[in-house]
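In the two complexes that follow, chain A is the common piece, with chain B as its partner first and chain C second.
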Partner chain A sequence: MMRLEPQPGEVIDRGRPLTFTWNGRTYPAYAGDTIASALAAAGERVFSRSLKYHRPRGLLTADAHDPGCILQVGDEPNVPGAARRVSDGMAVAAQGAWPSLRFDVKALNRLAGPVLSTGFYYKTFIRPRRLWPLYERVLRRFSPGGRVPAAPPDGRYEHRYVHPDVLVTGGGPAGMAAALAAADLGARVLLIDDQPELGGHLRWGGPDDLAALTELRGAVAEAGNIEVLADSVVTGRYEGGLVAAVQRLHGSGSLTERLVKARPAQLIVAPGLIERPYVVAGNDLPGVMLSTAVRRLIKLYAVKPGDRAVVFTANDDGLAAAADLERAGVDVRRIVDAREGGGIIRVRGRGGVRAVECADGRVVRCDLFVTAVGWTAPTALVTMAGGRAAYQAGAARFVPAELPEGVLVTGGLAGDGTLDELVAHGRATGQDAALRATGASGGGAPISSLEPAAHPQLFAGRTDGVVDFAEDVSSKDLKAAVAEGYDSIELVKRYTTATMGATQGKLEAVNAIAVVAAATGRSIAETGTTTARPPYIPISLGALAGRNYQPVRRSPMHDWHVEHGAAPLVAGQWIRPDHYGDPAAEVRNVRQHVGIVDVTPLGKFELRGPDVPDLLELLYVNRWRKLAVGQVRYGAMCTDDGVVLDDGVSGRLGEQRYLLTATSSGATGIGEWIERWLQTEHPDWRVHMIPMTDAYASINVAGPRSRELMERLVSGIDMSNEAFPYMRVRLGTVAGVPDCVVWRIGFTGELSYELHVPSGHGLTVWQALLSTGADLGVRPFGVEAQRILRLEKGHLIVGQDTDGLTQGFSAGLDWAIKMDKDDFIGKPELAWQRVRDSHLMLVGLQPVDRRTVPPEGCQIVEDGGRIVGRVTSSRFSPTLERAIGLGFVAPHLSEPGTVVTVVLPDGGRVPAKITPQLAHVDPEGTRLRV
Partner chain B sequence: MLLLPCPHCGPRDAAEFGYVGERVARPDPNAATPQHWRSYLYLRRNPAGWTDELWLHRAGCGRYLAISRNTVTGECRSTPGEAG
Partner chain C sequence: MSELTITDCTDWTKVLVRAAPSSALAAALGTPYGRATRAADGALVVGTAPDGWLLLAPDAPAVSIVQRVATQAGPEFASIVDVTHGRALVRLSGTASRGVLAKVCAVDLADAAAPAGAAIRTLVAGITAMIVRDDEPGELSFLIESDRSYGEYLMDVLLDAGS
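This part shows the complex of A and B:
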């Protein structure tokens, strides 16, 4: 056991013991333990295998950035094991090791070193090309990452939007002081910290630090207008000052994670500093740790990190770590201080640290090698916001050099100081931010400067070691890349994948820059840094997705359809009745008797005003100016590239009142389209558009007996063929419901009426039609029967029988397109299309074999395989008892009677004949005019 | 995420808007050459810097808005009266 006696600042709760499993074995833990601290307390040292060479990896940083401790927790892959706290019964496993962590056959990669040399991705698996599928299968096995669950995870995620005056990211002493000072001035403050509790580095400090921590935490808890989000990480800063943070709620409440989208007036960046590893041979052996890692393990989790240690330091924090180690009972065999000329040649060991070879030739046996060689300031948020970072050689780190508007920095990111200096800087920064945020003045008192302390530039030793622990890239790889001519840091990054792993440069970027600088003979400032982009930490797709608020739309008759066994059809946002059991029988009933179909999703727009005819003339390819009150016309719309956009019927209800209908799928877009032309091109036109799609329930009554049925229910309209002929519209009362719009139109090819009923009365009218017409044989029909009926009649569906390239003359709209109009949308392109005269034509198709229905999308070919068209719609027609279809063919094949070749999905070829017109049933249109 | 200044609703998250595109004047359909018309349809300036755009405040007032956006800094300004 490595667990120590209770430590003053420990975060574990010894009164709440838990158990969990690691690779199938049960381990003890305390509440507050991370997975890594509990395993370390139980003496485990190896948590993963490295990406390329499958070298054993232990703890390096003992925090969320630890690259050697990415684990599988239950179904969840890629969990940072040094940050995720243990919960009772948790099942944790190593990932990427095969067959086991202790014996990993992929470690043989080490023997295959040359194969995995720099840029091997680009060099090794290119040739021969035919072997790529084999390479891919093998590489898959070796790829990193855990098991993605087969089923959707049961976690719940949501988004939250907040608008604080001041957002402070980082809850160390400076961050807490900034939040307090801003709150004192009345600002609403959001304080975000990645740890479960506030405190930053004070948490592993001495008694004075712990006393200050208690005081600051207490003040934050008492402040009324500070909201603390613990266990949360700011992942990026975007345009408009948007700051995104992931709040982890694992195990508390019903939510898994929440993505917080904040638009603070002022952002204070106070993330502290990140300790850098040292590049030297053997630096990735289990037992090599950063000074902050051993202090976290000892002070927060009461874990003794080793038995015999060598400490290599270039600063006082390394000495403090050595003192902590000694207090924890670790035998500190030697402290090598770089400031006094000390150095390290290599770390020796196999599977773990066994000894350290010092520059003076001494070899010290130990199981723990602790380094404290410098700090990286995480400038990512500042640069994402448009600021700049510059290298300060004297402090051996990049520091924020230019701050963008609305962004302030404090704490270690700004500079170094005593606890009092950090708190004072934080307070002044918080005051300044509050005054700027609330617009009180140009800002507070000038902020005392916090200078980065002098620090030796110490990045790499004389031997080669690992630079990027996540991607398994060594200093040797970086030098090889430079030798091959990749002298820009951005190119070296992409070629070697250094800084491209899960740590994203937070640990390794400055070391990589230093190695490349040395190899190219340039300074670090000249070499520059790679670009930091969001997200700052790996982020779950669940958090990004949030909850699904996609609305579902149902017609007022929806419940009736469900009760009567309708098969649901998801059509965009709408749930529609596809059929009630037998679509062919529904078709026959419409052709022989009468049927009713719910067409509520049909797009409906009321247009009012004196200039509506001008609008219609612009929107549609055909003519509208002479449309009389009570008349209806079919219209087709194109976009300005001449491509068919939508179609439908529109009618004139009154002197200055029109009702325009659009396709169900196009309804929303057409409303926006009409508004766009009114608002941007013709704001002078006196036209008002009212979207009516949901205001009316729509029912189509179709079949030879539909007039009989309508006459029983309609009042105030003369339903005779003479008074109310085909392509007319009337207003009247249906089944006692006033203000209904009754159209006589015929999508199905039968005598039919379309009713637009105020939606609250939709179900009443629907049921009245069924009960009143029982003796006429009235039956409901669904979308499928309607599609068959319209295909029999040869009506195209925009988006089904046209696509994003189908211009007007290809869609059989020649009769409608009026090129002599002064203007309409798409006119020039249609004029040019007609002159070219080389376009595909929409034609009716009938397979020679009556029973063969080629699926929609089948290609039409000639001369052994050249594609000359395709089938856009196809069904078996119950009326004709044969296969029918619509399709596109090249112009030379469009003559009626031509036999074309259709390729079936199984490769078989069937002949199909071009019909004289699109309509297969009643091409003369006598049925709908009776 | 951009913060767009809607002259009717105030500053709003870009998620509320639909992006229509760079504002391009529609040529006279009876006089335009194919080159002219197709540059109206397909060619955009896409500058690094200020660009005049049309946005639809779909989840807001439903108005088409003329907005000037700096593609480098993300700054956005309303240019009222210009969208009609």
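This part shows the complex of A and C:
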């Protein structure tokens, strides 16, 4: 056992023991343990296999960035095991190793090492191209990562929007001080930290650090206007100042993760520093750790990281780590200080550290090799925000060089200092941010400078070692890439995949740059950095999806349809009744008796004002000025380029009151289209457009007996053919509901009335129609029956029988387009289309074999294969008992009686005859006018 | 003061008014765009656009509101339309109401950005909606108005977000 006696700042709760399983075996843990700390306490050292060569990997950083400790937890793959805390009964397993972590056959890749050279995949699997699917299947077995669950995982993911004055990311001493100072000035502060508790490096410091930590934490807890998000990571900074953070709540309640979308007035970036690994042969053996890793293990989790250690350091933190190791009972065999000329040649071992070979020739046997060779300042958020990072050779790190508007930095990212200096810098930065955010003044108090401390440039030894632990890229690979001509760091990155793994450069970017710089003979500053892009850390898809709310629109009769077995049809956001079991029977019932259909999604707009006729004349290709009160008319609209935009029936309800209808799918767009013309082109017109789509439940009553049915329910309207002829509108009371609009139109080709009923009474009227008309044979019909009925009648559907290229004269609208009108939208283009004769024509089609219905979208060809048209609509007509359709054909084939060739999806060809007109049923329109 | 209460107010009377911003009617209504005020008769007048208002009243019949506004409008061009049936209306009250809205709406509803009487046209869970800060005595409260067909969805979303 490697568990130490209680440590002063430990985060584990020894009063709450837990158990969990690791690869099937049960292990103990304490509440507060991470998976990695609990396993390390039990003496486990190997947690995964490396990506390419399947080398055993242990802990390197012992925090969320640890590339050697990505694990499967239950159904959840790719869990950072050194960050996720153990919960009781948790089942943890290694990923990607087969058949077991101890004996992994894929480690044979190691023998093939020389073959798996840089760019191996690019070079090897590029040809023959037709074999790629096979390559891909095999390669997938060798790809890293856990098992993606087949079913959506349990758990709840949410989004939350916040608008703090100041957002501080990083809850170390400087971050906490910044939050406190900003809050003191009245700013609303959001403080985000990736650890379960605030404190940063103070948490593994000495007694003074722990005392300061207690004081700062206490002050933050007491401040009224600081909200702390622990266990949360800022993942990116986006346009408009949007800052995204993932808050992890695993095991702490009903919520799993939350994506927090913040728009702070000021962002203070205070992530501290990230310790860099050292590139040398054997640097990925289990037992090679960073100085911060061993200090975390000892101080936070009371875990002894090894028994015998060699420490290689270039700074005082390495010495502090050595002291911590000794206090923890680790035999520190040797401290090699680079500042005194010490060096390391290689780490020896197989499956774990066995010895370290020093530059002076001494070989020291040990099981733990600790490095402290420098720090990386995570400048990603600064550069994502538009700032710049520059290399400071004296400090051996990139530092923020230019700060964009609204972004400030403090703590280790800004520079180094004593605890007091860090806190003072944090306070001044917090004050400055608060004053900027609340607009109190142009800027706050002057911020004392915090300079990065001098540090030797120490990146790689004389031997080659791993640079990118996540992608298994070595310094040898990088040198090979340079030798092959990839001399830009961005190209080296893409060619070798260095910095492209889960760590995203946090550990390896600077080392990679240093290796490339050395190989190209340039300086690190000249070599430059790769571009940091969001997300900063891996994010679960669940967090991105959130609750995934999908808007749904329902008509007032929706529940009735569901209760009566309607098959749902998702039409945009609407859910509509497609049919109630047998659409063909529904069609026959409309033709023989009477049917009712819910057409509530129909776009409806009330137009008011003296200038409405001017608007209608502009919007529609046909004439409207003489429309009298009580009349309705079919109208078609085109866009500026003459393409058919929408169609529908509009009516004049009063002297200055019109109701315009648009297609269900086009409704929202048409509302915006009308507003656009009114607001930008004709603000002088006195017209108000009021969207009424949802204000009316709309019901079409269709069939030869529809008048009889209507007469029983309507009051205040004379329903006789003489008093209420075709294409007229009346206002009245239906089934006791006043203020209904009733118009007589004929989309189905039958005598029919469309009712627009105040929505709250829609269901009442719907049910009244059904109960009152039972003896007349009234039945509901769905969207599918309506589509068949309109196709039998030859009425086009905009968007189905037209597309984004169909101009007015192609859609058979010649009769409606009035080129002698002064102006209308699309007129110039239509004038041009009319004088060309090459455009496709919409025609009626009847397959010669009456039982063959060519699916919609089938091509029409001639001369063996040249495409000359397509089928836009097709159905089997229950009325004619034959296949019918609409389609586009080239003009030379549009003559009635022409037989064209339709290609079926299986390649078969069937002849179809062009009909004299679009209508297949009742082309004379007698049924409409009875 | 309750933590969270959700009430379906879809049966409230709703009257849409359109008139020029410079009109006498606009002056009489006295509510600028983005604000909501209570009229003498108790109706909530919401400025939904520079030239648009939505009048919300729990029990007054639409006819009486339409007539009153028509009288105020006089001969100037104005449209006064009963849209009671066209809109869904939900009231969300209590200390947690702001937190619930923060899960489905990107706008800042803190006191500084949305004080009592603020009216904000925005997206709520992907649908166009109007949020009116309409505090009740001693209680934080928001009215949320959307197209009626989204009503059930809006209710479902708020219940889910507040669960």
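For the reader, a short list of remarks on this structure follows.
Assume the second predicted complex is superposed on the first by the 910 of 930 C-alpha atoms of A that agree within 3 Å, B and C clash if a C-alpha of one lies under 4 Å from a C-alpha of the other, contacts with A are read in each partner's own complex, and residues count from 1 in each chain.
In this text, a residue touches a chain if its C-beta (ideal position, glycine included) is under 8 Å from a C-beta of that chain, and two chains touch if they have at least 3 such contacts.
Because the structure is a prediction, the values reported are computed rather than measured.
When the shared chain is aligned, chain B comes close enough to touch A:G241, but chain C does not. After overlaying the two complexes on the shared chain, residue contacts for A:W832 are found with chain B alone; chain C is out of touch.
In the superposition on chain A, A:D822 makes contact with chain B only, while chain C stays out of contact range.
Which of chain B and chain C touches more residues of chain A: that partner is C.
Contacts of A:V552 after superposition: chain C is touched, whereas chain B is not reached. Of the two partner chains, chain B is the only one that A:E675 touches; chain C does not reach it.
Applying the stated contact rule after C-alpha superposition, one finds that A:D640 touches chain B and leaves chain C untouched.
Touch criterion not met for A:V562: it reaches neither chain B nor chain C.
Applying the stated contact rule after C-alpha superposition, one finds that A:V930 touches neither chain B nor chain C.
Once chain A of one complex is fitted onto chain A of the other, the partner contacts of A:A440 are absent, as it touches neither chain B nor chain C. Contacts of chain A with chain B, set against its contacts with chain C after fitting on chain A, overlap at residues 161, 261, 263. Interface of chain B with chain A (complex): residues 1-3, 13-14, 18, 20, 26, 29-30, 32, 34, 37, 40-41, 54, 56, 58, 62-64, 73-74, 76, 83-84.
By the touch rule above, chain A contacts chain C in their complex via residues 158-163, 188, 261, 263, 547, 549-555, 558, 574, 600-601, 606, 608-610, 686, 688, 690-696, 758-761.
Touching chain A in their complex are the following residues of chain C: 11, 16, 18, 77, 79, 81, 83-87, 102-108, 110, 113, 125-127, 147-150, 152-153, 157, 160-161. Contact residues of chain A toward chain B in the complex are 161, 238-242, 261, 263, 386, 640-641, 672, 675-676, 679-683, 822-823, 827-829, 832.
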